[in-house]
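First subunit A sits with subunit B, and in the next complex the same chain sits with subunit C.
Right after this comes the complex of A and B.
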């Protein structure tokens, strides 16, 4: 019964991956791949260059990799930390008896139902430096207006903000589910023992949530590291390149100017290697704490 | 859970030694709150709900105004109209993009739910070689950056004549959605007692018959989340769609970008189109939202 998935994944994921790896060992670009010009078929003229592409990236020779990597890590850590913190806060608030609970929950999950590109357009409209409502709101509370979509630092703040807005609902729902699976008796017992709310949170809630948080953090890191739509669509053509993470940078390499297919493929393989290393390390550490 | 139970006895021991603290003046039950706490709770939630829904409310608001509304939102209230909607629906290829998105998202949902459910069930119930590695490989497929897959996938689909073809896009999206969904479904199936499978077998059902007649009806909340996730993946994807589809088969995500040129976006059209795009997503969401929490929980906690 597992066969359909395995076949689909093998053909559509493993094959392209292998081919991508092959491309990363060549110097393929738009000018030398096989293509049809009218009725004339031009065969591919690119050749194997071994590990040259990897060397030029990892040695820092292309000048783009390390700045992009640093920003990608900052971006991933800040987004995931904010996702978990805000998601946890809201889940804790929602996980109690109160009026209008269903209404709050529906409104708070709403950004999840909004397709990413629509959400990003809405934010682009709001963040417009000249007419945007966002600047009006923050100046109303005394903060300085920013040119959100143009200056590198403001761009970085803006993409994080939008990604947090999009990602919190998923984390909130997952953590809310986790909270509901913690047996009430544990809270009653610790309360009988006179534990303060903070002590209950640290000694009952956090350990009880660990299976959920472990999964959510791992998935969150992987998804955020590879997040494409938010950065690409929010900044569009205006980007200074400063706010590009590795994935959007690789995409631009492959599809703007003279398409550099081998360069983009090399970036892709490096990204995959980084994520594999991270998740292997993460799972190891997780298993160790579980056994301890 | 094990860690929680090992933790609390330790806490208990430490706290039992401290003398009982003087009780607060008014004794409150577990589920009661002071007025102040209630105000703080509802205040925070109202604020958070506003932040969550404001961008959506804002595009609805702007879409109802005249063409220049995005520059002077004040004009909207005096000039409410549905002109932008009429224009999007009659003067552009929007209906065509909408149809394309419905086909692609619908196809992805059907294929995604079928693949994820069968794979999740197999991993949950059957022991076969590579069983553990399969779960791990589902996770690994989430790490493949689209930048490395997109060029080879293009060539692969071209070879099967699936470029500019809905089926090609559906298959591509299935590879994005299915691994995560299968992972989640596996967790959900794990919560359904094995006795039910055994009962099915005793009654002479085939493995697939057991799955289809007994387990699927029980797994509805999990399937609902899977459907929702597959649908949204396809409804909102930009990168593959923009490279794989020609102008005759644009999906909404690609088509709507033609309303924005390099320098200037036609916000009247874009907001109206965005609102129409939101409607099906919201409908799907409303149908499954009751199941979201339970469906995701099982997947999250039992993985």
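Right after this comes the complex of A and C.
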């Protein structure tokens, strides 16, 4: 009875994955794969090169991998930390009794409802150093205009900012759901015991939220690690490439000029391996704390 | 077999005049030779022209084509210039959904030809009538390893576009002819009028006039050398950096092109290195609207070789190698690039034709075409490497770093050369 499941898995997951892995062991590119184009026929002339691709990446010989990896980790950690912190803050605000709560909630979810590319382009317009609204605002109060997207550092700050804007609503909603599932009695009991608001937050709210935060952090890390649109679309083409994370770098490999299939596939497999290692480690640690 | 037929048709067309060839009609139906009138079927054409200002003219031409050859049905698709490369390549690889004829940027021809995505056109109907009429620059863009892979459709190059009123206000009489003059002019304008002299586009394509001006290029295919870090190239990029540091408005690297256009249109910048494709847009801005004569044209400044040179841009019509209907595709290509069609296109869109005979008095009446036509003499083709598209990426990254002052000119170009080497196996680095 498992046959259908196995078939679906094989077709949807295992075949593409296996093919990607196979490509990463070759030197295939657009010019040496087999092609049949009308009367023209070219046989495949690429070769197996074993682990060469992995070696050139992991040994640092290609010079691109480690700088990209470092920045990808910085990017992921800062985005997820800000997502959770700001999401938590907004969730706590919304979890109180107040009027027009629905309206606030709807407005705060709005960035999530906007398609990512629309949001990113809107930010790009706002951050324009000559004609953007940000510079108009700060020059209006006498501050000097800023070149928001100029240097690699400024670009890195900008992409994190925009990604936080896009990702906070989801975190807020998830955490709000978590907050509402914490039994009121726990708060009442701790208040009876004389706990301060901060103590209540640390000893009741945070532990109560743990199942939600664990999942949100894991998802957030995977999404952010592979977040393509924000970086690719916000910075355009005239960049130093220093704000490229692993996925956007792999994309450029695969889709500019004569495509480098094996190089891009190798990056893909390395990204997958990193994420698998991270999730396994994370799950294990999580189980340990739950048992403790 | 099919190619044999079309070659026969082309030879027939070359040997006889079009009307005399019509007498072959009977033979054609026997399948021995095929006349243009006998070609039937449908074909798909991917066009990258501007969907609002240019596409209507192309659609009108297609209607004329269908009237002339009622047995052929053309599906017109307008595809955004920025996305056509990926779209075509993924379709071409699998053979599913690829167009029969496509308007391709001239820079892509060597890549597509080397991958065998586009068909060689020598001796086919597409080049019926020969190539003598085509301007040399655009014609050179169609060649890859001795064969012709495209028919020039529209052309362009880079030149100086300037705001005559601002020049006059600053007391500058004519457009600069060297980069030193370019910087001086820009400074004078800034001092006398308060308006920025120029806006340097930090894109690697716009770096080419600097390189060509020193007589060098990205690489040399004859000696198989990477020349991007040669002493000449270092000199060229040093000049570019000088222009950026001393003469240019502050550049927004993420929005460089758009900001450059907006500032020029609004009269906030006096001169640009730009191509004719931008002129329609320029004229819509408040500095030129209703005052088209205010826009001046000049060749790019010359480097130390003393010869102004800029890349030949534009578009060629190409035929997909896997087309199911090659004959119709060749015929369509020929029709769309004929002198008559080019005249119509030029007259309505002010793009530059690729045939000398298309520069009729009526066409050159348009100030935009008249302005750029003489500049086309300074156009030269880009180095014919399949990887040329890939080379621009590492180049722009290093060029950006150089302009921002993060690395020196020499070390930035050395790094670019190292990246070029990864893409060009078998090439050596010149220094």
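By our rule, the second predicted complex is superposed on the first by the 270 of 292 C-alpha atoms of A that agree within 3 Å, B and C clash if a C-alpha of one lies under 4 Å from a C-alpha of the other, contacts with A are read in each partner's own complex, and residues count from 1 in each chain.
The rule is simple: contacts are C-beta pairs under 8 Å (C-beta built on N, C-alpha and C of every residue); 3 or more make two chains touch, one makes a residue touch a chain.
Values in this document were obtained by computation on a predicted structure and should not be read as measured data.
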item	value
Contacts of A:147 with subunit B and subunit C, given as first, second, both or neither	second
Contacts of A:87 with subunit B and subunit C, given as first, second, both or neither	neither
Partner with the higher number of touched subunit A residues, subunit C or subunit B	B
Which of subunit B and subunit C A:8 touches, first, second, both or neither	first
Which of subunit B and subunit C A:110 touches, first, second, both or neither	first
Partner chain in contact with A:167 - subunit B first, subunit C second, else both or neither	neither
Contacts of A:155 with subunit B and subunit C, given as first, second, both or neither	second
Which superposed partner A:131 touches (first subunit B, second subunit C, both, neither)	both
Touching partner for A:255 - first (subunit B), second (subunit C), both, neither	both
Overlapping contact positions on subunit A, where the subunit C interface meets the subunit B interface	124, 128, 130-131, 236-237, 255
Sites on subunit B touched by subunit A in the complex	1-5, 7-8, 11-12, 15-16, 18, 20-21, 30-31, 38, 41-42, 44-45, 48-49, 51-53, 55-56, 58-59, 62, 70-73, 114-116, 118-119, 121-123, 126, 128, 134, 137, 139-153, 155-156, 171-172, 174-175, 178-180, 182, 207-208, 211, 232, 235-239, 243, 253, 256, 260, 262, 265, 267, 270-271, 274, 277-278, 281-282, 284-285, 289, 292-294, 296-298, 300-303
Complex contacts: residues of subunit C adjacent to subunit A	2-3, 86, 89, 92-93, 95, 111, 114-117, 119, 202-203, 250-256, 258-259, 262-263, 320-323, 326, 386-391, 393, 396-398, 400-401, 404, 406, 422-423
Interfacial residue positions of subunit A with respect to subunit C in the complex	30-31, 35-40, 42, 62, 124, 127-131, 147, 149-152, 155, 234-241, 252, 255-259
Residue ranges of subunit A touching subunit B (in the complex, touch as defined)	1-2, 4-6, 8-9, 11-13, 15-17, 19-20, 23-24, 90, 93-94, 96-100, 103-104, 106-119, 121-126, 128, 130-131, 133, 165, 168-169, 173-174, 176-178, 180-182, 186-191, 193-195, 199, 203-204, 207-208, 210-212, 215-216, 218-219, 222-223, 226, 228-229, 232-233, 236-237, 246-247, 250-251, 253-255, 261, 264-265, 267-269, 271-272, 275-276, 279, 290
